[in-house]
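Just below is one structure, and these are the notes that go with it.
To keep things simple, chains are lettered A, B, C and D as they appear, and every chain counts its residues starting from 1.
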Amino acid sequence: MTALLAARGLRLAFGGVKAADGVDLDVRAGEHLAIIGPNGAGKTTFINMVTGYLKPQAGEIAFEGRPILGLSPRRIVRLGIARSFQLPQLFTEHTVLQNAALAVASRGTFWSAIRPLLDGAHVAEASELLGRFGLSDLAGRRADALNEGARKLADIAMALALKPRLLLMDEPTSGVAASEKMAIVETLVRVLREAGVTAVFVEHDMDVVARFADRVAVWNQGRISALGPPATILEDPAVQRDVIGIRVREGADAAA
Amino acid sequence: MSRRALLELVAALAAAAIVLLVAALVPWLRFVLTIAIAKGIAVLGILLLLRAGQVSFGHALYVALAAYAAAFAAPRMPEALLLLPLGALVSGAVGLVVGLFVVRYREIFFGMLNLALSMVFYSVLEKFYALTHGTDGIRLPAIRYVGTALGPEEAGWATLAVAILLALGFGAFVRVYLLSPMGEALSAMKTRETRLEFMGIPARRVLLAAYVLSAVMAGCGGVIIAMTTRHVTPALAYWTASGELVFIAILGGAGSVFGPFLGAFGYELTRTYAAALVADAWQMILGIVLLGVILFAPGGLWGMGRSALRRRPAGEGAA
Amino acid sequence: MAGDVRFAPGSLTRRAALGALGVGSLALAGRSVQAQAAKPSELKVGIATYLSGPASVFGVPGRQAAEMLFDEINAEGGIAGVKVRPIFVDEGPGVDHFVGEYRRLVQSENVNIIFSAISSADCLACTPLADELKRPTLLWDCGTQRIFEDARYQYAVRTQGNATPEVLAALLYVLRAKPDFRSIAVVNQDYAWGRDSWAIWKTAMDTLKPGVRVAAEFFPRFGATDFSTEVTRLLALRPDVILTTSWGGDLDAFIRQSAERRLFERSTFVMPLAESSLERVGKTLPAGVIVGGRGDHWFGHPSPKDPALLARFTENYRKRFSTWPIYPTHHMAQAVFAMKAGYEKAIKAKGGGWPTDAELAAAFQGLEFPSLTGTIKIREDGQGLEDQLIGTTVHTDKYPFPVLTDMVVFKAADITTPVGQKSLDWLKTLSPDMPGKMPAPVPYRG
Amino acid sequence: MPGWIADNALLIGLAVLDGLSYAAAVFMVAVGLNLIFGVLRVLNIAHGSLYAIGGYSAAALGLFVVSRGLPGWLVFPTLLAASVLVGLVLGPPIERLLRRTEKEEPVLQLLVTFALFMILEDLQKLLFGVQPVVFDAPLKMLGTVDIPFGQDVIPFTAYQLFVLPGIALVTLAGLAWFLRRTLYGRMIVAVTTDREAARAMGIDAAKVTLLTFTAGAALAALGGALASPTASLVPGVGAQTIVLSFAVVATAGLGQIEGAAVTSLLIGLGRSFAVYFEPELEVVVPYLIMVAVLLVRPQGLFGVPETRRI
């Protein structure tokens, strides 16, 4: 299987903290790859580097065999890489439908940008997309009036509206009430499978990872310390100690 | 055309008719109304920028640029239908050059760079005294309309008519623009500019397009002002003139293309009546009006009118 | 409209009533503008002056003089039995607003005559309007010489001089008082008057005394408050003469900062507008400074035509406003006197009938009328011929501020650009013996 | 270039002296505006009016002190007292108005200050009249200092040479100390840097806002008070002062007092060099400096680039 995205030797340090310290990572076409790791390990940095928001100090990234390092986020999006955000980046003064429609319209050319945003084609596609995410009932609401779960889904829907071949998701379920979490994951799994999109997601919740991922990469101290199918990785004692264990303790602290 | 668009079109035409009627009934107001419409057109451009959350404290630059372009060209080319595109072109071209620079900045930096550039232009008008006559200004000759020389009275009417047509045209255009992805991207910029970039939309270019359009509209406003007062001075470019445009935008309300015109009428009429009532405290009256609008009706005159319209059916039901 | 109110319950009543009021006042405002030959019940005078911004330094004294003189005219029964009423408008907001105000004065207030304005830009903008709207207009204080040199107007005349004689008089005075000066520096405000007055001075100086070196040309921002850098530069340059046509706050600050740093000891100052600052700056302004007041205006004029008139005006003004009158009050008085004389002339020409606007406007052409200090004649081109008084400051015990000595009253006809010529061209034709022919200076008599 | 400097060494020396005193005057007006901007994120257009009213009040109080025959040195505390008074009387009500509109769009807050500017402009006229007001007792009391200039001497006023730069330095040092070493100062810095984080830490933002605004207003008034001995106060002086301060704030970077100091210095020196060597450029110097600085550092001289967390 060829790599859709290939990262080689990525290095990036903020002051003394090495967020990436020689990372090699391949994303295979069609897979759902989870990146797990302790907080502050640099997982989000990876997404930021791939999408052009941060520039690594060394290394290379190729998408479909084409180097994309140094391109602006905008160019990278146009090549077919979209992302969602840990803190959903919605246009808060717009309705959910407008958000989605704007994302749909953003694929268009300049002249289509002069047509009304809410004309037939944009709206039809945006509505259909929101429907797939189960957000139809909320389409008319302003984006700042949604609960966290719906905001997360809308955020991802907007990324998907760009028809990417690679979707990067930064903690798609963080901040969502535990009771809603699995429902969101089910929606996501279904929608992404239907769309046939390759997806990379950073996640802390091992249940989500287990349900969602085809492969898991463990990001620890700026390196990929383990990579493999969820069954293997999540059972690895070292991973449990370094990553999952910490999560458990954090959870215990929060509970106490 | 949607029902709402039709309704707005009817309202706009009715407003135009009212303006003409008032100008016919009260001759001296024709001048004030023409100036108000000219400023309204300029404020339409401010409205676009406000949508993106950016406040330019220097758009008087484009009003003045076009007004001076008209004043310089008028002796050789005294034709309204040529002066208007000329002013729009000059302002638009300078807007493009300046825009390429200022759209990289946001908020205070955006506002202050615009202010700085307009003040530089203001100084240039003073410094090149031999050409511009400084604060004395330049007088425009009588302007022809479609090649016809008109008497002062008819010229006044013609300018008002041109102003109204331009206002209707730009109003309709801005309404369409704001509802298009380009326009929606402006307000999207205000809330989440980074997201736009991650959607492949070049935020700076979205702002640049709006900026150039706003310069063009300010330019058209400037030419109308020049043709109406027939005397241009550097005061057109002073920073308080830019502040006035923002003032009008907020007074009218940024929620609709009607806002700028409501604001401009409100502003000019308040100023005129305040000046007539208390010649040496009109500023204070304007200030108090503005403060009142911000504190009690932050949606501006448009927002006030709309909520009054919304409330009315209920009121009638009760009565 | 009242009928609507009946149907409207609650809050609507108020709204409808307000609406009715609004329309009512608009309609009232638009009443006929065709007031003509019938004698009016009162004579309304629109007066444009600065009531806001830095130029209110002149605008407010102008208004005060108008209020006082209008009261005096009314106390004497008005003009031909008609009481006069001033309607003031503020020039502060700028030309585009002022043009609207001018129209309002004519078309809504339906004034009989307009006094306009302090700002040259306002005068340039409104003179064509005067002809367009056919309303007699007296240019009462603006300085630019361009108005009647560039065009002719039927309805507008100027009841005072203009920049050319005002600046030329000061130059002639310097050429006589300090004939061998070799260098000059200028510190003028950066706006039309500052630039124009320097152009006039420079052109005339190059004709009358070629070869004077211009050591520095400063045009600080209009409204500048800090001149310390300019003062330092001038202290280092030591020009023989320093010219400044600044006025108001700018001039006051410049005088104080120069005095404190002894610049007055190094150079001879020429300040053609300083008469209006004398009382404020007081004896900070040293003796030996050449001062003018845009005309032959000063309460201590050496030879007023009607000494009682000047004394009475000065005294009444001081009593009412507790300050000395300055040149804008004189200019306002000239406009008021011109209005009175113009009406009387027009009424006489009509054998006692009330004149139309056109007849009144015609009466102003060639009119001679008294000023507080002399007589002013309006030339056929509409320009007023006003004498110019220039003097040198001296300190006395009688006043807490400098007074003028070695006063020269220049005859207007000698120093005003002839009809049909442009100032800058005419100044190039002056003959070098001109300073020698000026009247003898008159010393101060306490 | 070195040749030119050698030829003009003496003049350059004078230009620096002039530039320093001008810079001090600019700094005194701009620093309060910058402080307020840092905390409230509002460009206070009424700052110019506070400057003017400060100047008028100082002149009025000073003239009163002199007319009563009180000891001359009292005029200096009078300048300070007038400024504090103006800050205390006008600062809190304006701040209240601004806080009322806090939830609205930023442009509305800006317009609130524009409205206040218009109101205060006329109020000032009603209170103090239109005739230029000067109170030059402090200037005269301190006399002049002769600076050698080749064979010549150039008198400078001691006020310009020592008092203005001195007070500016004391203000700068005092503010720096206050902001770094005191609790309230640190609260102000915290709110300036990150309002949300400061709130989350339990800082009473309302209190900080009130304190900052009052202090900023007093500083504006002090700027006016310090100018009153040399400058003429006339209607409209506020409008002209405020644009210059705007340029300083944008050039300096958000709320950075050191930035305001350096920018004032740049503008002061730039202006005096312009007057010496290219007078026609004088008026546009501040704007040219601003454009140049922002071209190189888009966040202002001392501003920290805002990295948005996404």
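Simple rule for what comes next: a residue touches a chain if its C-beta (ideal position, glycine included) is under 8 Å from a C-beta of that chain, and two chains touch if they have at least 3 such contacts.
No experiment lies behind these values; they were computed from the predicted model shown.
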Chain whose mean Cα position lies farthest from chain B: A
Middle chain, criterion being Cα centroid separation: B
Where chain B and chain C are represented by their mean Cα positions, the distance between them in whole Å: 35
Distance between the centres, which are taken as Cα means, of chain C and chain A, whole angstrom: 74
Centroid distance [mean C-alpha coordinates] between chain D and chain B, Å: 33
For chain C, residues that touch 2 or more chains besides their own: 52, 190
For chain B, residues that touch 2 or more chains besides their own: 123, 126-127, 194, 280, 282-283
Where chain D touches two or more other chains, by residue: 121-122, 125, 280, 283, 310
Chain B to chain D touching residues, read off their complex: 50, 53, 55, 57, 101, 104-105, 107-109, 111-113, 115-117, 119-120, 123, 126-127, 194, 239-240, 243, 246-247, 250, 280-284, 286-288, 290-291, 294-295, 298
Of all residues in chain B, those that touch chain A in their complex: 176-177, 179-185, 187-188, 190-192, 194-202
Residue numbers on chain A that touch chain B, as the complex places them: 51, 72-74, 77-78, 82-83, 85, 89-94, 98, 102-103, 105-108, 112-118, 122, 158-159, 162
Residues of chain D defined as touching chain C within the complex: 10-11, 14-15, 17-19, 21-22, 25, 121-122, 125, 129-132, 134, 136, 139-140, 144, 149, 152, 154-157, 160, 227, 230-237, 240, 271-272, 275-276, 279-280, 282-283
Footprint of chain B on chain C - complex, ascending: 9-10, 12, 26-27, 29-30, 33, 51-52, 88-90, 93-97, 99-101, 103-104, 106-109, 119-121, 124-125, 128, 132, 144, 146, 190-193, 195-196, 222
